[in-house]
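Structure record follows, encoded as structure tokens.
As written, the chains take the letters A, B, C and D, and residue 1 is the first residue of each chain.
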Amino acid sequence: MTLPTPLTGVVPPVCTPLTPDREVDVPSLIRLVDHLVNGGVDGLFVLGSSSEAAYLTDRHRRLVVETVTAHVGGSVPVLAGAIDMTTPRVLDHVEYVTAAGADAIVVTAPFYTRTHPAEIARHYRLIAARSSVPVFAYDLPVAVHTKLDPELVLELAAEGVLAGLKDSSGDLGGFRAVVTGARARPDITGFSVLTGSELFVDSALALGAAGAVPGLANVDPEGYVRLDRLCRAGDGERARAEQERLCALYGMVGAGDPARMGGSSSALGAFKAALFLRGVIACAATAEPQVPLSEEEVERVGKHLAAAGLL
Amino acid sequence: MTLPTPLTGVVPPVCTPLTPDREVDVPSLIRLVDHLVNGGVDGLFVLGSSSEAAYLTDRHRRLVVETVTAHVGGSVPVLAGAIDMTTPRVLDHVEYVTAAGADAIVVTAPFYTRTHPAEIARHYRLIAARSSVPVFAYDLPVAVHTKLDPELVLELAAEGVLAGLKDSSGDLGGFRAVVTGARARPDITGFSVLTGSELFVDSALALGAAGAVPGLANVDPEGYVRLDRLCRAGDGERARAEQERLCALYGMVGAGDPARMGGSSSALGAFKAALFLRGVIACAATAEPQVPLSEEEVERVGKHLAAAGLL
Amino acid sequence: MTLPTPLTGVVPPVCTPLTPDREVDVPSLIRLVDHLVNGGVDGLFVLGSSSEAAYLTDRHRRLVVETVTAHVGGSVPVLAGAIDMTTPRVLDHVEYVTAAGADAIVVTAPFYTRTHPAEIARHYRLIAARSSVPVFAYDLPVAVHTKLDPELVLELAAEGVLAGLKDSSGDLGGFRAVVTGARARPDITGFSVLTGSELFVDSALALGAAGAVPGLANVDPEGYVRLDRLCRAGDGERARAEQERLCALYGMVGAGDPARMGGSSSALGAFKAALFLRGVIACAATAEPQVPLSEEEVERVGKHLAAAGLL
Amino acid sequence: MTLPTPLTGVVPPVCTPLTPDREVDVPSLIRLVDHLVNGGVDGLFVLGSSSEAAYLTDRHRRLVVETVTAHVGGSVPVLAGAIDMTTPRVLDHVEYVTAAGADAIVVTAPFYTRTHPAEIARHYRLIAARSSVPVFAYDLPVAVHTKLDPELVLELAAEGVLAGLKDSSGDLGGFRAVVTGARARPDITGFSVLTGSELFVDSALALGAAGAVPGLANVDPEGYVRLDRLCRAGDGERARAEQERLCALYGMVGAGDPARMGGSSSALGAFKAALFLRGVIACAATAEPQVPLSEEEVERVGKHLAAAGLL
């Protein structure tokens, strides 16, 4: 399908269900996609951070994108991450995800290397020149250790290099600069500014964002869709209540003991445990070398689901 | 060949010469390897950071390791980087570099993800269990954004998970803790602690390090080999003079204007410009999206070479 | 006066006008206070970061707080920063600012030292035990290099140690956790959560914040007061327009050339240049070792004022 | 006394003994100074980080410097820290420490504020212009969150602004650049480059450093003096053995449980516990809000002392 211009609404970063021996669990992935589409989402983002893209081999990644694009058959747009360190490696991912039918690609700044704004611009220009589908910038300083500069994003938007931004920086001031800049500049049209936050989708939409890409929407797609619709309807009070319910639910990401595991293990482990407890996926395993949640930690996830009315 | 236990001496991280259209320049790579081996180095490390591994596609990486192992034919040990974000992706690289005949692999902690010491340990244990050749840990906080803990390194050495450490952290105190710990513990034998620094190889060897992996040894292998031999002969005064000559030469990494480019572009661009000026490689191009050095910046590199007696 | 519980509305961090030889310019300070109070603000915060507290000697700080408390005479509450590295040094500042009549003190976590959440808790408990006025926590990771944990803030609020939070972390998710936590917990009452951001006061108020402490309110107090009143009236559309006007005005903080000066010099220099251009203060000098804005940079500030209708 | 040019040898940063109610324990301080001077040290550095300067009020600081200068009466040079956020505040400290007879002052770059190399240069120039005694730069990125640039240090040395550098950055490459630069440049004479590391004093001296300022020398001054003399005598092997004994002793800084306290509490707590166990000071208390070591943690310190032959 052609990507809506701009892409709006709720576009969950789709978790990647794994079997106990860490292969992609295709039937579970299809059930998860159905769970999301039936929940009313406006698009799907595969191979992002919440998809454990950093932990998936190229073979796994290819299988994920092929499975999802084939299954949805154009009913909703599919964005695919092309997450790697530098331009040449990203371009290899772009090739197979677009061959599989992804409607857009999502790309971070270079990482692992010591980079510079001029190199980031060069990176996106080269990728856009070689990609057959639109390019979204992915701002994720916690992983990439560089923050995308709002002025640079707007410049690349005006050039037609970027079609949108997924902002997971947590920096609402910079996010707003992109939103209002894109609206104000006559040389920018159809640019889609999406927040990657779970915790202030209402704020982002109120200031003019096009939509949201919240990892927690895997667990509760109806909640985020409801939130989106309430915001668009201008019902601030009910939107805030829904957002606060989702913030409480998000507390599940702290289920894992920080003395035993890192933040990815805990957050992604919690999302998958929740999907397992809700009956969506067959196995809650996360990829290596993440530490699995203990039984007690999974129980904590269950309590968050119950408190949110999801069990 | 079987890797010496411990591996000692000078083991340059081999630059990857590229053609103007950014393919691997195989004839130049072979000339570079000859330049290093003829310079007296004790091993070669391909696909490390100075090799622009982060910028090479899997196809490029495979070609590099196959070219080098075939060319040296066991005359010196070849270590190969398996640089990627997490365990499953690293294991894919391990497969082809060992199939190509690498004598050891060099692996960082997970990056891009939010990680934890327990996950780092799990990462190395899983990789060692699956690798047919010894595993070196690669400590490079500037890229990985995690520092390997000396106690963890020693624990993994004692378990037989790690055969050595390439330490590019710049933290000489932690480096020394590994060197003296490995010497003191009866459950650790043949563990090879190598410094990745260009600037204090003499200090590292004096406190007991096994060897060095200096990127600048691409440019002046004889200099680092001479330094290594002077240190082993206990000739501190001449060692220090040689080290200081190399420190001055290392100033070339600042050739690129920091207003125009990042540290990788400048340092790797300078190494390649120097190799080109010395007639070793045919083209000084660095991989995308790095910014090329200007003519004036290349002249600065030339001045460093001249001052060090290398032009 | 007794501090309102909770303190709400706009509470500007008052700039500290200096003479050309870097003494406190008392007449200008009094004019600035009048400018703010006449602008409708709900309180004043002296000796914060925008007040250049880090650059003021104890003698200067004492003069500032005495001048302001004497001049307002209880007509609006005066909060005073007690900014220093650790508990004993902070307590020395607490003594003279409370003697001068400050209605509350504002205190960061320890800085310069390597600290720990348990030490941060101990710090605030000791200070509250010794202070005769309420204590606000000041969350400013860009200066303090530690982020206050929302759970810890709520725990200290429940204990009665903290009366409020000034959050300049930029992390709206964590801010929201404090706002909703303080509202939900029956053991917390009258806790005042204030945003230190200039850029999303509308968002902060919409999610339930008590008020704002924006440095830019020195330049345009009427604007922020209007924004606050529009938010409280539930007029989201006009609030957003006002906020966006203020965001554009805030662009002045980038007036200084980053090749010549740091962020403090540029931002504080711009605020003072604007106050000078608006005729509020007699001299735009900032404290040493900040670099002064050039004439051309001051002109840029003037253009921001003109565009916002303030010149 | 006049400061030797350059200052060389072992210059411990003197701990500040406190009474149980956190007043300066003057008799203990005098005993500690005697312990150091009798141990053969070449100078004393009061009011540095190991002195808990960040935790001492101005009244405490003044008492410390007056006590020490009066007691040593010129028998060894006394350097005094003037640790504060910015130029005007540092100058206030400079005044009383020089009035008390300090022979040199030790000053960091500005902290808490967002600074810039041009502002750091301005800071040191203003301080040197106002100080009656020589100025040492104190490079401590873990506290100051800025690293001093070697080129800037050399420039300020050539101008006569700086008389020396205390480098606690852990970056031996940058340290070496200052040492060799100061030796090579004809416009720099008598510049004293001192390492703040406990762990590689032998390496620093071997590459040409003037001396060392190790916090651990409070506990074992004889050890560091012996190390210094062995290095100067060119006895590398025995120097290395002595350094390794001191590295093992330094392990005491990890005595405190990191789940309960930060790095300052643990390291400074261990030094003071060791001084108490060795009978030098009357009470091991550290300043607020540091967490005290438990009995069991103090026992760990005792084991380190015993293993090093100091109990």
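The rule is simple: a residue touches a chain if its C-beta (ideal position, glycine included) is under 8 Å from a C-beta of that chain, and two chains touch if they have at least 3 such contacts.
Keep in mind it's a predicted model, so treat the numbers as computed, not measured.
J.: Centroid of chain A to centroid of chain D, CA atoms only: how many Å?
T.: Averaging C-alpha atoms per chain gives centres 49 Å apart.
J.: What whole-Å value do you get for the distance between chain A and chain C if each is reduced to the mean of its CA atoms?
T.: 35
J.: Residue numbers in chain C touching 2 or more other chains?
T.: Within chain C, no residue touches at least two other chains.
J.: If every chain is a node and every touching pair an edge, decide which shape results: line, ring, star, complete or other.
T.: Chain contacts: single closed ring, each chain with exactly two partners.
J.: According to the definition already given, which pairs of chains are in contact?
T.: Touching chain pairs, listed by label, are A-B, A-C, B-D, C-D.
J.: Per the contact definition, I'd like the list of chain B residues that touch chain A in the complex.
T.: 22, 54-58, 60, 83, 85-89, 91-92, 110-116, 118-120, 122-123, 126, 142-145, 258, 260-265, 287-291
J.: Would you pull the chain C residues touching chain A in the complex into a rising list?
T.: 170-173, 176-177, 180, 197-200, 202-203, 206-208, 234, 236, 240, 243-244, 247
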